[in-house]
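There are two complexes below, and they share subunit A, which is joined by subunit B in the first and by subunit C in the second.
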Partner chain A sequence: MRATLRTYFRLLAAGFRRGSAYPLAALGGLVANATFGLLKVGILFATVEAGGGTVGGYDAGTMSAYIWLSQGLLGSVNLFGRTAVADRIKNGDIAVDFVRPLDVQAASVTTEVGTRLFALLPRGVPSVLLGVLLVGMSMPTTPLPYALGALSVLLGVVLSCTTVYLVAVSRFWLVEGRGVEMLYMVLSGFLAGLFVPIPLFPGWLRAVAGATPFPSMLQVPVDVLSGRVDLPTSAGLVGVQLAWLALTVVLGAVLTRAGRARLEVQGG
Partner chain B sequence: MSATTGVRPGAAWRAVLAARTAPYRAVLASRVRAQRSYRTSFRLDLLGSALVGLVELAEVWVLFHSVGRIGGLDLAQVLLVFGLADLAFSVADLAFGHCDDLATMLRLGTLDVFYLRPQPLLLQLVTSDISLRRVARAAVAVAAVVAGLLVNDVPPTPRTVALLVVALLSGVAVSAAMFVLAAGIQFFVVDGAEMTNAFVYGGRYASTQPASVWSRPVKAAFVFVFPVAFAGYLPVVSLLGLTGSPWLPAWLGWCAPLAALWAWALALLAWRVGVRHYQGGGG
Partner chain C sequence: MQGDVGEPVIETEGLGREFRVRDGLRRRTVVAVDGLSVRVGAGEAVGYIGANGAGKSTTIKMLVGILVPTRGSVRTCGLRPVQDRRRLVRRVGVVFGQRSQLWWDLPVRESFAILASIHGLSPDRERSRTDELVERLEMGAYWTTPVRQLSLGQRMRAEVAAALLHSPDLVILDEPTIGLDVLSKQRLREFLVTERRAHGTTLLLTTHDMGDVERLCERVLLVDHGRLAYEGTLAGLSRTVGVERVLVVDLAEPGPDLVTVPGARHLGSEGGGLRQRFAFDAEVTTAAKVLAAVSEQVEVVDLSVEEPDVEDVVRRVYAARR
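What follows is the complex of A and B.
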């Protein structure tokens, strides 16, 4: 058991190092994040102003926190649907992974989480600092929301990786997986509350978003961390994240097993 | 020139043009055939592309669901801004979008193949591919423009037509220039390719917004340096006779061709400097 844990910890660390191998890529991501952040400030602050100071429960301070926290998480939450394992399934390298004494799902998700967590350092923290310095934002003054928020962020990152893993294993059945990836990219950003916070959605659309795991990846961590929702609600939201995580992990395991039985790699 | 004796000069000129463009047309035709040969895949691509357009439209609509006016524009007016800007971007993306792949080509060293052919590098890169699926997204944008023109009761006068044509042509030129500018910068940053997303895709996002909501630095960036505001907001202000906002008078929409010229000057300069900097992929 301890040996297994150590193996996965090493995979996590390897993923973390993979993220750190391209500092220029991280800088590029930060520049893009900051630009989108400033554009979101423009349109969303104007919306708050048009609403007479508050809209959907947001004022300028909480809207700013929403904008910069979500921009900061953007490098760590996978909202574009691509992973390395998808390519390995397509080109057949996955056969080698199945021979290894590791669970394919756990290993690929762990490595991916490591890489995504690294992005918090060069992209997450600076984005939030930019928001604090340039625009200002309201954040909680007690420690508990931060502790719960850190857990929620971690869950959001892991959940995005387990969900994107589902997109990847669809390649066991589909030769061209780009369609599913594109669908994921289009819907995940919108329903996670990337460009418009979910509380601003009309009721029916909020219900549609709530029926998917996407809000748990971005809107929920941001809400918990920024203290926009009170502590009991936050605890409930973290519970929802855990439920989605369990569902995606189980579904991923089932699909991996079914895909393995179906897998046929030609050539030697 | 004996071969062309007795032929009208116009016909000779056309023959030369046909001969010159033949290699480019051959590549593009093969790309079109390739994308259409897997019909199911192509239909799904079209559907996905249309969905991108629809979701982006939904993002705009959701904001106006909570308030009536943003930056002095109501939903009907913003629909026109969105439609014009997104149509310009989709068309530019169709023809120039694959310039984004330059960073990958640089890493793999595949760009060097272009150097072996006796044709201009940029022209080869642009004509090396075409993304037919973007047609679906352009269709969503066209629908938004038509709906926008109808609900705003825009009179069908020569002035309207002139302004729309100027705005669309300039908008496509500006968006295309952003792709070329980004490609020129790729020669320097390679790994940091995402940096250029700031003005290519950030520019697309910006172009569909009312520029009146921007802070001064953002205005400076997206009106005067990366002039994407000329693709949507500024022409719509001129078209609908709205009052301008600080820095952005209502007549500025007519200056879109100048913005296109500026964007292309910037793009070609970046491309030239980038190509000079490039040392080859080795091997």
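What follows is the complex of A and C.
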């Protein structure tokens, strides 16, 4: 078992290093994150002001924390629906993964998580620093929210990878998977609370979002890390993240099994 | 080292695979592999040849459990490929010529470290085996280079090494020399010969290159439309279809066509008879005898012998069957 753990750790590291292979792409991502961050500052700060200083429980300081933390996580939480494994299924390289004594789902999710975690360095941290320096934000003053927040961020990143994996394995059945990816991209960003914080949603829409794993990818880690919700609530939210994680992992395992039975590796 | 010695490493019985393909609005069924029954014994080296679309890759995918057969049975290393996939792939090394098993953005060295971990090699075993492969395949010069920066020849050597890292019982190479220059091909073949001699590895090879089969394989399986069209030695195959080798000689000065060389057929001349080509059957005579006969009549300054290629052999077998 220890050998297996070591293998997955190596795959995580390989993913991390893969992320580091393209520094210019990371820089481009950071510029995009910062630009959209400033845009959100303009729109959402105006909303807070129009609401007389608070809206949906947010004031300028907590709104800024929401904006910059969510922008910072954007490179690490996969809200775009595209993954390396989807391409590998499409072009048949997945065959190579199946001739290894590994769990294909675990191996590809682990590698993907590694790449996504790397993005915290060139995109996550600078985005947050930019927010602190340019706009200022309210953050917790005790250590516990940070510890729980780090866990919640990690879970959000992993959950996005296990969920996008589900999108990827749909390619076992669909030769052209871009439709599903597009649908994922449209739904995930909105329901994860990327554009508008979920507390500002009308009640029915909040219920819809709550029935999906998307808030657990972005809104929840941001809420826990920024200390917008108290500790007991945070612990509950992390529990919800864990439940979604378990569900997507089980579903992914079932789909991988089913997909393998009908696997028709494309091309020679 | 023939097929009936010991447990078969590969054993298929009536193995078949059909694909349902959409053809416009209609769906039709394509039979890729059709009732294939073959045995490959431990330590054998077998060439698996056939035209494009004959069913070679489909067979390989079924042998390693990444494609479910629609009928028949298959055992690889005594295991059921689909059900026992993880146990099986510990004992098999596969190179799909067109697909990489290396981590594209990482140095070559990293891929081998990851693969060693995946296959659970002990640190000692990892070190000795890696050193052996790096040395024998001359990978030292690009060991720390990212895979995406390698030339095709370098990458193919690394691919073969990666498939052999865990010292598998069975190595399956799907077009390993495709696109390689003569020198790279030569190196790879020499390595495979030494590797097999040292470890007794069973080899199944698909290729378009008759040189690969000649230098690496003791036995040939030829498929046509998913069915076994020939099984036996390469020499026997050449005999069956009468494949001829070609001797090309350059003469000191232009001369008339030499049509009376015993055992050889004059194919043609170039440069007004300065270069002449003779076809001969290797079963009947030898290149040396043909050359001697030619030299009796004219002065030869240069020569080369052209090998038949797989395409040619396959074409002849197919033609004979129709």
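Just so we're on the same page, the second predicted complex is superposed on the first by the 265 of 268 C-alpha atoms of A that agree within 3 Å, B and C clash if a C-alpha of one lies under 4 Å from a C-alpha of the other, contacts with A are read in each partner's own complex, and residues count from 1 in each chain.
The rule is simple: contacts are C-beta pairs under 8 Å (C-beta built on N, C-alpha and C of every residue); 3 or more make two chains touch, one makes a residue touch a chain.
Quick caveat: nothing in here was measured; it's all calculated off a predicted structure.
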Practice problem: Check whether A:257 is in contact with subunit B, with subunit C, with both or with neither, and answer first, second, both or neither. | Solution: neither
Quiz item: Who does A:179 touch here: subunit B (first), subunit C (second), both, or neither?
Solution: first
Practice problem: Scan A:98 for contacts with subunit B and subunit C and give back first, second, both or neither. | Solution: second
Self-check item: Most subunit A residues touched (candidates subunit B, subunit C)
Solution: B
Practice problem: Using the superposition on chain A described above, determine whether A:36 touches subunit B (first), subunit C (second), both, or neither. | Solution: first
Exercise. Report for A:11: first if it touches subunit B alone, second if subunit C alone, otherwise both or neither.
Key: second
Quiz item: What residues on subunit A does subunit C touch that subunit B touches too?
Solution: 22
Self-check item: Interfacial residue positions of subunit A with respect to subunit C in the complex
Solution: 3, 6-7, 10-11, 14, 17-18, 21-22, 92-93, 95-96, 98-102, 260-265, 267-268
Practice problem: Quick one: which bits of subunit B touch subunit A in the complex? Just the residue numbers, please. | Solution: 38, 41, 44-45, 48, 51-52, 55, 58-59, 62-63, 65-71, 189-199, 201-202, 205-206, 209-210, 212-215, 217-218, 221
Quiz item: Which subunit A residues qualify as touching subunit B in the complex?
Solution: 22, 24-25, 27-29, 31-32, 34-36, 38-39, 41-47, 50-51, 55-56, 176, 178-179, 182-183, 186-187, 190, 195-196, 200-202, 205
Practice problem: State the interface residues of subunit C toward subunit A in the complex, per the touch definition above. | Solution: 19, 57, 61, 64-68, 82, 85-87, 89-90, 92, 94, 96, 98-101, 103-106, 110, 113-114, 117-120, 146, 174
